[in-house]
Amino acid sequence: MSEPVIEIRNLNVDYGLGDQAVHAIRDVSLTLHRGEVLGLAGESGSGKSTLAYGMTRLLPPPGVITGGEVIYHPEKGDPYDVLSLTDRQLQAFRWAETAIVFQGAMNSLNPVHKISTQLTDVLRAHDPKMSENSRNARAREMLKLVGIAPDRMDAYPHQLSGGMRQRVMIGMALILQPQVVIMDEPTTALDVVMQRQILGQLVELRERLGFSVIFITHDLSLLVEFSNRIAIMYGGRIVEEAPAAAIYRDALHPYSSGLLGSFPALRGPRRELTGIPGSPPDLKGMPSGCSFHPRCPKAFEPCSSKVPVLTPHGDRSVACWLVES
Amino acid sequence: GDSPNDNKNAANGGKVDFLSIGMPNGTVTENNNPFIGTSAGASLGYRWMIYEPLGQWNNTRPSEPLTPWLASEIKWSADYKTVDLVIRDGATWSDGKPLTAEDVVFTHTMIKSNEALNIFAIPYDSITADGNKVKMTFKTSQFTTHHKVIGQTPIVPKHIWEKIADPATDTIKEPVGSGPYVLKSFSQQATILAARESGYWGTKPAVKELRYTSFADNNAQATALSSGASEWSFVFIPNYQQTFVAKDPEHFKVWAPGVLGIHGLYINTTKKPFDDPKLRQAMNMVINRNDIFVQAEAGYFHPEIKSVTGLPEGAGDAYIADEYKGKTFSVDAAGAKKLLEESGYKFDGTKLLDKSGKPVTIKLTDPGPWSDYQTTLEIIKSNLAEIGIEATVEKPNQNIWDANVQKGDFDATLRWTNGGSTPFDIYQTVMDGDLYKPLGTAAQQGNFGRFQSPEATAALKAYSNATDEAARKTALATIQKIFVEQAPMLPVGSDNVGGAYSTKNWVGWPSDADSYAPLQPTQAGALTVVLKLQPANS
Amino acid sequence: MTSIPDAKAPADEVVLEAIGLTKHFPVRRRLRDLFSNRHDAVHAVDDVNLTLRRGQVVALVGESGSGKSTVARLLAQLYPRTGGDIRLHGASTRVKAGAAFRRYCARVQMIFQDPFASLNPVHTIRYHLTRSLKVHGNAGSTDAELEQALHTLLERVALTPPERYLDKFPHELSGGQRQRVAIARALGAEPEALLADEPVSMLDVSIRLGILNLLRDLKERLNLAILYITHDIASARYFADQTMVMYAGRMVEGGDSETVTQSPAHPYTRLLIESAPDPDRLTGVSDAASPKDNGEPPSLIRPPSGCRFHPRCPSAMPRCSTDLPVPLQIGDSPGHWAACWLYDTEEVAK
Amino acid sequence: MKYFLQRVAFYLFTAWAAITLNFLIPRMIPGDPVQALVTKYQGQLSSQAIDSLYVLFGLNKDANLWEEYVSYWKQLLSGDLGLSFTFFPTPVSEIISNSLPWTLLLVGITTVISFLLGTGLGVLAGWRRGSWTDGLLPVTTFLSSVPYFWLGIIAIYLLTGPDSFFPSSGGFDAGLVPAFDQYFIPSAIQHSLLPALTILISSVSGWILSMRNMMVTVSSEDYITVAHAKGLSDRRVAMSYAARNALLPNVSGFALSLGFIVGGTLLVEIVFSYPGVGFQLFQALGASDYPLMQGIFLIITISVLVANLLADIAYLLLDPRTRKEG
Amino acid sequence: MTASAVTMEQVAPVAVPAKRQRFRFVANKKAAVGLFILAIYGILAVIGPWITPYDPGARGDDLVQPPSAEHWMGTTHLGQDVFSQLLEGTRSVMFVGFFAGIVATVLSVIIGVTAGYVGGKTDEVLSALSNVFLVIPALPLIIIITSTLNNAEDWLIAMVIGLTSWSWNARVLRAQTLSLRRRDFVEAARATGERTWRVITFELLPNLTAVIASGFVGTVIFAVLSEITLAFIGVTSATTWNWGTILFWAQGQQALAQNAWWWFVPAGLAIAILGTSLALVNFGIDEFVSPRLRSAGKTKIKTNTGRTVRMRIGFTPVIRKEPLP
């Protein structure tokens, strides 16, 4: 396996402090390798977005990172901890090394500025010496790259369709040629036709530019198709991490298999769906032991008392007593 | 530059050559028409610095004859229906043209033929000129109004005014008058008058510039006075010793001579039980006029009325009937009670019961914003309590109060009377049967209390039409007797024509010792004051 | 008494029918339209035919903005229609308010997409259900009967024990529970037809299935006619007997669910199915079959002439841009049709 | 067409209704201007003058309400607002044109400053939460709860006096004539400082608060997070992204507040004897001067309507979403 | 597959004690302080006139005396006790404020909600009406109308203030209603077959309570200031005492020029404190309505090492605790 780009070590994130604190991310460790697409799946509230923002220190108040490290390996030079950077270093790090594409493109673009302004102000911030003309040329180039006619440069976000906006965001994410692109549900607001188009384009660009992607969604079937490795989150922890195909074929964690069993298949024989009973856990009143045990059809003794840790099994890891035993 | 403000700093050696005069009359708009009461000229008083009357009337000594001014001679017939005037030589208009008898005739003829200008409703008959002599005749006796015809009517130049289409509504942007000052500049904030370079018939004034400022209200004016920004004004200053004089005791002064115009509590004589003169008399006996003077009028503004005739000290002295000479008000609750009990009233504990056994209550009304009146009412209220009358104070809106007073819809209200050169105006406002209107019909001119006494009406008529002093004296004695015995109105204080001033820059102001003129900047006599002023340190 | 009698009518009975249903929303005019004489409108729904039968689920599939919700609201008589007809048991109905509207409501009930928004945050579950029962006279006459009816309703949607939920506020329930409450409320009217407008799209993947299964169970037990609106064609296959595909306000294909999803006839349906995620496809393979740019959905204010899909259609013919395609039978299974000139027999002959 | 016509119809209707009300309201007041004048002078004006005043004011002619209304409109349409009674025979339009500039300058400039200052502080308070700006809110809230006039009077008491820099009243030095020169302008500014300060103190907190709240709301928008993620400087994010968007709702509030300039400052002008329209209106009220009242109300009505229009336009200009589709 | 549906209740999240949302805003600190002060004023309004040490109108012998043991807030030029006037005046101020608030609120609810919900011609007529009232300057209008009243009692003044100050709230309510009307739960209530009046009163209004309450509080502030202003400029007859009357007398007698600050200052402070308390209540309501503002309240946090960390947007604080056990 190729070298790592980002290593997350024992990351902990709380919302709020003291008794009111919600532990949204608990001791998460995850490695993103150069050039790969890492899928992050899990149901709503499992902490996917929190993880993504936490590693770049972009959590809104009252989010607090209460522990852990995020080691970034630049192309040249020594690895460093993103969480220890000063504000200025962090600003320089952002977007140049990791870019983010959010779920709703409408909300990610400032409604009162032209998209050209929003594209070029990244360049202005990171390379103040760049001339106005070359900035514009670069922005134009990026738009062309994501399939938008450069004459839409001076459009306002609301004048573009949802798909176009999302492409602008992708173009913007790539404008500084970052090593890592984090995509938080980049296509849930779009319909399937558009979703496929955009993801197809992204895959193509990745092949060309060679960046790594963290791809967040709760649509597991989409992840299986598009990512190399998948990490499944539940209740603020990663419960399973494995190559995409491996998960699809044979999920080890009951939650992962439950998730896979919740999607009706469009092709192939009609199979009976199992689903997962119950509802997602409340972070404020997390069940003891394995947080999935109240919903787990295979729960047994240690599940309700002891927290399973993520342990490697070959090229995959899983946190489940079932697998341990 | 050519800025109108350039000379401001070019003061002659730091000496102040201007006088700052203020009035608390709100904003003004440029209007120099001397006949219109709403004009800036009238509201600030500077019309009298530009236009002059035929004679100067000293309100503080109303019984004295008028000082000749534009007329060098003023002669009334004994019946006061004819006046003969000799117009002064050498007076010129500020545009250089001489002032002639023609101008005088023109002015009065214009007033006669223009109802809107005839603000004193003078019944002119004929107005003729003969050389520098002018003769005017009137349809009725002008004894009680002669000071208005001569002393309060400005004379305007014929050669300019005859070209004015409607003299009642023209704002006379460039006034041309015979007075010692000309208009230099006008702004809402300040009107500046400059002394005429030449051509004034009298002595040149020492004050080179008059700066009139109109302040928004009493507070602003009083503040300006105590900061020295205003050197002369006529305004009510509460606790003037502390808020004004104390700020510069050496220079800040107040002089407030009373005049023949008074304030008093009008009682609705149609309402039971106040139709009973005995009750009114008793009420008159308990009113503490000194408290009112000190607490409500700041100890100066409406000089306390002492004489039982309601005539103010000083200005009224000459008119007090022999019968009442020396008779003054004194608070006498015991006497009042006795009087009441003698006339059939009873007391239920401290409560006064009228003849039918009902408790006597009274509503005192005046508009809310008039704080001195309100204070007076509060004092009267507690005074009346001493004889068991329960009074309440109401503060209707001014418009409503106006309407109610005129229609006779009130129990008792503090109000003023007309003022004049004789006590006639005072008594007429209170008692004239000719002004009587039935309840519900607006009485605009007076007799708001619906006082009905044919005797008084006849006496008033006799007084104004009399042709000799003796007849006037008898008539006045009758009037005063009715006023005292019937008490249709309980006099409280008199008007004053004084003012607050500063002697820091200018001296020569009138005083009790030398009350040569009224000290109110809007009076016609103000010109006399200005002409008398001299620099303080010369 | 108030318990809903199971299967009271024969299956397959037609409950609700839409014939040529059309809805145009007038557009607010702008300053620049001042001097033009056009009267713009959003052609949200045009000429839609639909039949709901007892004990059957009809799925309505289409991309966002294709007019699915509008159809549902038209059928619920929440919007007045521009044209066409709605027949309840064969009788044409047009109701706006008042008693007639309530009578209609009692037979046709709607479930909204977002269970977070469709329950009033200030009222308890009890209030919501009681109102639904009372409005339609199913509350019984005593408190005890009402209580009983409430329990029955909650049990029906598998919220047991009912006491635990009755006095909760919506915000105290999870999304799945809320959607169950919404369904219970609809059932309070004892309807014959349920219009479910994307009932699970706002819910978490793991609990979607529970709701769909509940609906299916209710359909069978109560013999309900269900209109299932979704943009997820896979769930239509799983859940519905019939599937209709909508594009830009028009029906483009319809038929038995399995047939429509497994052998789609209309190019749009094909595109839709091709685009759906497929875990069996290899990672990162962008096959040539998915075209680079499929274009944008058309403006509904000035929809394309002829077939509304022709600007994006890979197999468009000149005729497609001029003639409006009519529904044409496809031979492969009974009732399978597509509104596409490709299946015009003359065309095929050529 | 319909939308445009609706807008026009709205403005026309509102203007008509407001003007008609303006016409009716003063006529409901008992009393008349002559009485008010007589009363104002409390004995200084002899009651014989009443008759001549009725003639002078033209009030001796009987006219029914409808005829008055018709002629009122005729006058209005020919741009004639009639003659004021208080300042008879000065035309109302002249009085207004004399006093309006003062109000517009004092209150207008103060409103602008207050808006700018409040917005600026609001941006700070909303953006740098937890800093010193947190202390701003309680203080300004308290200050803004103090009645204008009270604050003004206290300020006059504390800050003015014979040797003070601050004059206690008026719009400029009494010895000056309004002109744009080196004497007048500094004097006018000096005179406007205290009134401006009191207006500022009592109005700024509203802007701070609404801007702060908008900043807080906007701060949690995704595009702010994106802007941070882009590595933009904090300043640029705060200004160009957060403040720019948070400003939008405030701008229309600002435009509307411009409309209330004329009507809203009565008391400041009264307390500071400032020669503006608010004070004129107050005088007109006291003197039953309904031509003047109507004139000022008309100005207020028009200014509010214009402000509404401005708000419409401002939104159009500042929010690209409301602009025509490109 | 009903099995999964039935089993779900076993794992329903632990029920959080059902706090009634509607009264939760009292828990807000600002609102609580505001309400507390308001309550004191309320009590004084009721008992004030009974506990005055003197008859507020009674003349005494000590004229313009500074505060002393007998006269806590000194005396007026007539020797009246300022403290008694202040106490006595509270009732009128509170009465006018709240009565006018109620009148205006009822009007604005009727007009605003009807316009917003019914729409069409009704909306146009009602909107036009409120616009006309919005255009006419309120304070001058109130001055004019009150000056036509013969002997304006408090309730009449309150009525006038209420009748002239509803329009802004009506506009806000209309806009709110318009947005609520499109919400699903309103549609759902309609689809259930509810009658229009029921939809308005039971579905819409409860959701508008915060807006209505905030409008009410705003009107109360306005009414209090208006009443005081009217009394101060001497327009109202004010046979009863209120703080404006005190200020009117003080100003008429130039209290400050006489150095009688005790006559002028307390009433102004009383107004300011009342205004502040009402503003605090409004803050509370605002924060209740918009949770973002609420969570924004706590911006400084203390770590367990005693360091203070400020929450900043875009730079999530990192506080590394001692390594977790």
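The letters A, B, C, D and E name the chains in turn, as written, and every chain counts its residues from 1.
Operating definition for what follows: contacts are C-beta pairs under 8 Å (C-beta built on N, C-alpha and C of every residue); 3 or more make two chains touch, one makes a residue touch a chain.
Given the structure is predicted, the values throughout are model-derived calculations rather than measurements.
Graph distance from subunit A to subunit E, where chains that touch are one step apart, equals 1. If you tally contacting C-beta pairs for each pair of chains, B-D comes out on top. Chain geometry summary: the mean Cα position of subunit C and that of subunit E are 46 Å apart. Rounded to whole angstrom, the centroid-to-centroid distance between subunit D and subunit E, based on C-alpha atoms, equals 24 Å.
Between the CA-based centres of subunit B and subunit C the separation comes to 89 Å, rounded to the whole angstrom. Here the spacing of subunit C and subunit D, counted between their Cα centres, is 55 Å. Within subunit B, the positions touching two or more other chains are listed as 223, 226, 398-400. Chain contacts: subunit D has residues 29-30, 129, 156, 219-220, 225, 227-228, 234, 270 touching two or more partner chains. Of all residues in subunit A, those touching 2 or more other chains are 53, 58, 60-61, 87, 90, 273-275, 277, 279, listed in ascending order. Interface of subunit D with subunit E (complex): residues 10, 13-14, 17-18, 21-22, 25-26, 28-30, 127-131, 134, 141-147, 149-151, 153-154, 156-157, 213, 216-217, 219-220, 224-225, 227-228, 234, 237, 260, 262-264, 266-267, 270, 281-282, 285, 293, 296-297, 300-301, 304-305.
Across the interface of their complex, subunit A is touched by residues 63-64, 174-177, 204-210, 213, 231, 233-235, 237-239, 258, 261-262, 271-281, 283-284, 286, 290, 292-294, 296-297 of subunit C. By the touch criterion stated above, subunit D contacts subunit A in their complex at residues 129, 219-223, 225-234, 236, 240-241, 244-245, 248, 318-321, 323, 325-326. Of all the residues in subunit E, the ones that touch subunit C in their complex are 1-2, 4-6, 8-9, 12-13, 15-16, 18, 21-22, 183-185, 187-194, 196, 202-203, 206-207, 209. Chain contact summary for the complex, subunit A toward subunit D: residues 53, 56, 58, 60-61, 87, 90-96, 99-100, 102-104, 107-114, 121-122, 125-126, 154-156, 158-159, 169, 172.
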